[in-house]
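When the chains are written out, they are named A, B, C, D, E, F, G and H in that same order, and each has its own residue count from 1.
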Amino acid sequence: MNPQVGIIMGSQSDLPIMAEAAQMLEEFGVNYELTVVSAHRTPQRMIDYAQSARERGIKVIVAGAGGAAHLPGMVASMTSLPVIGVPIKSSNSIDGWDSILSILQMPAGIPVAAVALNGGKNAGILAASIVGSFDAKVAESLDVYKKTLKEKVEESAALLEAKGWKEILKK
Amino acid sequence: MNPQVGIIMGSQSDLPIMAEAAQMLEEFGVNYELTVVSAHRTPQRMIDYAQSARERGIKVIVAGAGGAAHLPGMVASMTSLPVIGVPIKSSNSIDGWDSILSILQMPAGIPVAAVALNGGKNAGILAASIVGSFDAKVAESLDVYKKTLKEKVEESAALLEAKGWKEILKK
Amino acid sequence: MNPQVGIIMGSQSDLPIMAEAAQMLEEFGVNYELTVVSAHRTPQRMIDYAQSARERGIKVIVAGAGGAAHLPGMVASMTSLPVIGVPIKSSNSIDGWDSILSILQMPAGIPVAAVALNGGKNAGILAASIVGSFDAKVAESLDVYKKTLKEKVEESAALLEAKGWKEILKK
Amino acid sequence: MNPQVGIIMGSQSDLPIMAEAAQMLEEFGVNYELTVVSAHRTPQRMIDYAQSARERGIKVIVAGAGGAAHLPGMVASMTSLPVIGVPIKSSNSIDGWDSILSILQMPAGIPVAAVALNGGKNAGILAASIVGSFDAKVAESLDVYKKTLKEKVEESAALLEAKGWKEILKK
Amino acid sequence: MNPQVGIIMGSQSDLPIMAEAAQMLEEFGVNYELTVVSAHRTPQRMIDYAQSARERGIKVIVAGAGGAAHLPGMVASMTSLPVIGVPIKSSNSIDGWDSILSILQMPAGIPVAAVALNGGKNAGILAASIVGSFDAKVAESLDVYKKTLKEKVEESAALLEAKGWKEILKK
Amino acid sequence: MNPQVGIIMGSQSDLPIMAEAAQMLEEFGVNYELTVVSAHRTPQRMIDYAQSARERGIKVIVAGAGGAAHLPGMVASMTSLPVIGVPIKSSNSIDGWDSILSILQMPAGIPVAAVALNGGKNAGILAASIVGSFDAKVAESLDVYKKTLKEKVEESAALLEAKGWKEILKK
Amino acid sequence: MNPQVGIIMGSQSDLPIMAEAAQMLEEFGVNYELTVVSAHRTPQRMIDYAQSARERGIKVIVAGAGGAAHLPGMVASMTSLPVIGVPIKSSNSIDGWDSILSILQMPAGIPVAAVALNGGKNAGILAASIVGSFDAKVAESLDVYKKTLKEKVEESAALLEAKGWKEILKK
Amino acid sequence: MNPQVGIIMGSQSDLPIMAEAAQMLEEFGVNYELTVVSAHRTPQRMIDYAQSARERGIKVIVAGAGGAAHLPGMVASMTSLPVIGVPIKSSNSIDGWDSILSILQMPAGIPVAAVALNGGKNAGILAASIVGSFDAKVAESLDVYKKTLKEKVEESAALLEAKGWKEILKK
């Protein structure tokens, strides 16, 4: 089956964050493709990627970038697919504000769906939830995941209550 | 046909912003419902809304709120549908930072798709693009809209070039 | 005697901060309970906790959370007990601003009492001071604590004045 | 009956914000006193106020101030009563950040309970909730208030759903 | 003579700011062209503009945009001409931070020369100074302008010293 | 008697703020001079001013400027007199942060004494307090002023307590 | 000779920063005293210190504190001596903003002279420059210091120019 | 051939950042000079440098500084050459905001071309692009560089696609 989600990033140095999106999509059984596309260093490659995405069967694009992060917004300007933007805290970032605002504050008419700073994992889950809106099986996987999250908290709470915080903190 | 997008807001004072989402959905031929649901004043109503959304046929939830804006994130915690969060600049807002960060910085596991401050319009377009991922007719409307945006800029540019900026600014 | 203060946190990773609240309550002789309750991963557990707190004898709730920190505000929306919020600086936090603003900027009608970033210790003292408003023994412990703080500063000042800063900094 | 809540503010210009605290306390049937006490212009008055509060029967102090807002923290340093700080956006304020941080970021040992910027109303409710922890009648009033908040949202939602947003926005 | 400076802006609403750049270039006798080019609404037009600029004789591009301001950086990615970016404070801007950071924080390899918020005038002078580096006549105009700035301050100072501040403020 | 305080500002538009410094100096009986000196438009004038100040009998320089406010720091680099910097919120200021940080964050070796945003009044008082350190008469005036501040607060408090806040707010 | 400068700090942990002020005063031959005075933990000690400073011969007070840094402003409220405030970046500081704003943004009437974050050294130089306004010998030392700063830069420049940056960076 | 670009920095500690500018100019075959010039410690040296630059054949000045970074703006005030400012994050910097705003927010009339925080590399490329506007050979080198950037991304993308992210991350 063709990939439904396209994961792109401005630089290979963003991979540790963006791989978390891929990992979540595997967990939910959603096919994806993943590559490097730089808005500033490979503008033509970005244009080709954005313009061909829908016809290649992509349903959602997840784009991560740092600093003056133009990739998510520029891709969104060239496709009508939903684009999820992942602000990445680059090495000379001003606490992440630069990538957050470059991705979040898109002008009226060209939306990008921003997630938290370095939020590769959430971008993957959000992409899956979009696919899951129209795919009952993926939706079900998401519900199972939510249940697991809940159970983990409950277990952790039970342990903490049973042992007491002094015991837990000792470890 | 049942609504595919649920638009909710924390207070009726958010309506001018959130109505822009509704307006865009009408433009793209996507059915929606719109109401007030407050995380802090009607928590049970919020829970009921979030938990019943999928079975009522909703595909995307658009939630707007200001200040310590918990509505989008709390709804996202109780459904696996994609939730779009609209940060609204409330009257005592600290320049909008409060609602932006309350919506954007969701913990790993529970994503919200944040749009720009007061970005009701973009939330509507993003919701339509999600529906359009799986509905060719909506996708087409989105492409028409993108083309219109382009043409408006081109016309404005042509006029500016023809008349010169001094003439335009006089008006 | 039943716990008078309920300490909850969004994740066990918040324990080192929140344990400081527990430690202070022990110092002031105030009974407490402590557990993990996640707004986003265990919303129902949070609802149950908030709604049952008063009848279980709880007088104050101390809730700590990081990032888009919804736990204190959501708990406050479901109880009329005073809720103290501890903003915790999570791993991908934007310098703590996210949790601070998510907790501080509550809308009119639903207050949360915010303390400093990572201020678990102060949350414990504040909780004790609330109990101490109506419990002379706790109030007395608080006064003793204040006196100890004062004496420690005076001793440190006396030492510094006696030895001189060059001697002190050598160590 | 003696006042249980002491409302103070750094300047009479803060009165419109701080009067909202008084108004809420009246709604909940909690006695209060209200006056001007400036940390910087009347330090001795502040000291006297803080040191005599408990013996005068005060259970909670609500202190509002703008700019480099030292009043709440300094009062907290001289009493072991709970002190609620209201950051007020003064005329040359840097978007309110100055008063927020001056009140919120108290050092370990001396807590202040900060509410939202200009949050006089929430300060009043929080003070009542502290009194209500030990006074069933006040607690009941708080529950009634919460219910009213809920009903107002529900009414507003019902109206919006019945009339539609276009009709509502026309007004 | 062909235009040496190309002034572009993301939207005609940016014209009042960007016209100041044009005005300064006229003052220094530098030919320019001015039009609207939107990164997000007319990406192809932007690509064409950027890629043809050098061969059309342009020496410097001045690009203004607001919000998530991608125009200056994207143009810089497709030409090796110097690109001056003017951050414009749009209507839903977060105090201008969004456009400033989107323009300033370009990744290594693709520089943009950022000027102050709404700094259309300075962008025009900077463009002229670049032309003036290789054109003695323009350099001379710039020196004359600098002298005029100086004289205006001196006159204003002389007047103030002569009349006194009370007299001046009366007006 | 020669002026002891030199008040300078980067532009005549700063006069309303800087005149407050002059007014306070008059109140304390401290002679001053006041003029416009621009770091960026009249650098030589600034150099002359700074280098001649001490020999002209000046004891303190008060320098106000907005935006990238270099005047106070540059003057401080060319005299060993104390320099008080007044950050002024200019028309395109980013909430005042630009002038505050340009004045406050001087490198080690070249201090500037920064006062609050638009704090012309406090700059005047601070200059007087420096003169007053070595002039008993000025010190006395400062003490009288402090007493007046105190009395005004006490009067305002007495009135508020006597009339009640409802009466006061009516006006 | 009696100390002319009083250096105080909120906590002994501030000593490494505040000792730099002492060191500079020694360099300029200005007598000083140095101790710990906490606004929040030893309010009475602070009051005594501030109120007795002038009669003890102190000409300038240098006060350093972190977080919600009330010490400089509160001391300034109780003396008419000039008070220099040193914002110190405490362990849970929000990037230093809290202490900066708590010290800088004093209300009209009660000035504090703020220096840069962690600017103990500059506080010492500023205190010396205030003393030097009325003491020719100290002024002379300051001029010597300024000359040394200049010479060090010139030497460093000469070396860099002679060796080239590649050679210098190798080390 | 004489240097066409003058690289200056406020302190030798800025060299690692500013050397990147030199390195890029070498890559593009542009002659440069590099030295230390401090606005605050060697104001006269700065004046001499700025005023003599054009007659010495300099076409562009690149000036880097940290904290209250006045060097780029003050140099720009004394020459009509284009000045590129590099904000450098100094040791006590407030996340870089101080140097960014001190350089970016220049008043109308005196532009500085700001690049990203610590953006020495981009400053070098920008300087080359200014030279390249009038020197075809340099322009060509810039185009080659842009092509290399593109190819590196393409290679990295090809490798990532071929090996898969799991393989890449293993390394």
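In this section, a residue touches a chain if its C-beta (ideal position, glycine included) is under 8 Å from a C-beta of that chain, and two chains touch if they have at least 3 such contacts.
Please read these numbers as outputs of a predicted model, since none were measured by experiment.
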*Identify, among A-C, C-G or B-C, the interface equivalent of F-H, where equivalent means over half of the contact pairs coincide by residue number.*
B-C
*Determine the centre-to-centre distance between chain E and chain F, using the mean Cα coordinates as centres, and give it in whole Å.*
33
*In angstrom, rounded to a whole number, how far apart do the mean CA points of chain F and chain G lie?*
19
_Centroid spacing, where centroids are CA-atom means, of chain C and chain E in whole angstrom_ = 51
*For chain B, which residues are shared contacts with two or more other chains?*
11, 41, 67-68, 92, 94-95, 97, 100, 104-107, 109-110, 112, 116-117, 119, 146, 149
*All pairs of touching chains?*
A-B, A-C, A-E, A-H, B-C, B-D, B-E, C-D, C-G, D-F, D-G, E-F, E-H, F-G, F-H, G-H
_chain H residues touching chain E - in the complex, by the definition given at the top_ = 54, 59-60, 80-82, 84, 100, 104-117, 119, 121-123, 125-126, 129-130, 132-134, 139, 142-143, 145-146, 149
*chain C touches which residues of chain A in the complex?*
89, 95-97, 100, 116-119, 146, 149-150, 152-154, 156-157, 160-161, 165-166, 168-169
*Going by the contact rule at the top, pick out the chain G residues touching chain D in the complex.*
10-11, 39-41, 43, 47, 66-68, 70, 73-74, 76-78, 90, 92-94, 97-98, 101-107, 109-110, 112
*Hey, which residues of chain D end up touching chain F in the complex?*
11-12, 15-16, 18-19, 22, 34-38, 41-42, 45, 67-68, 92, 94-95
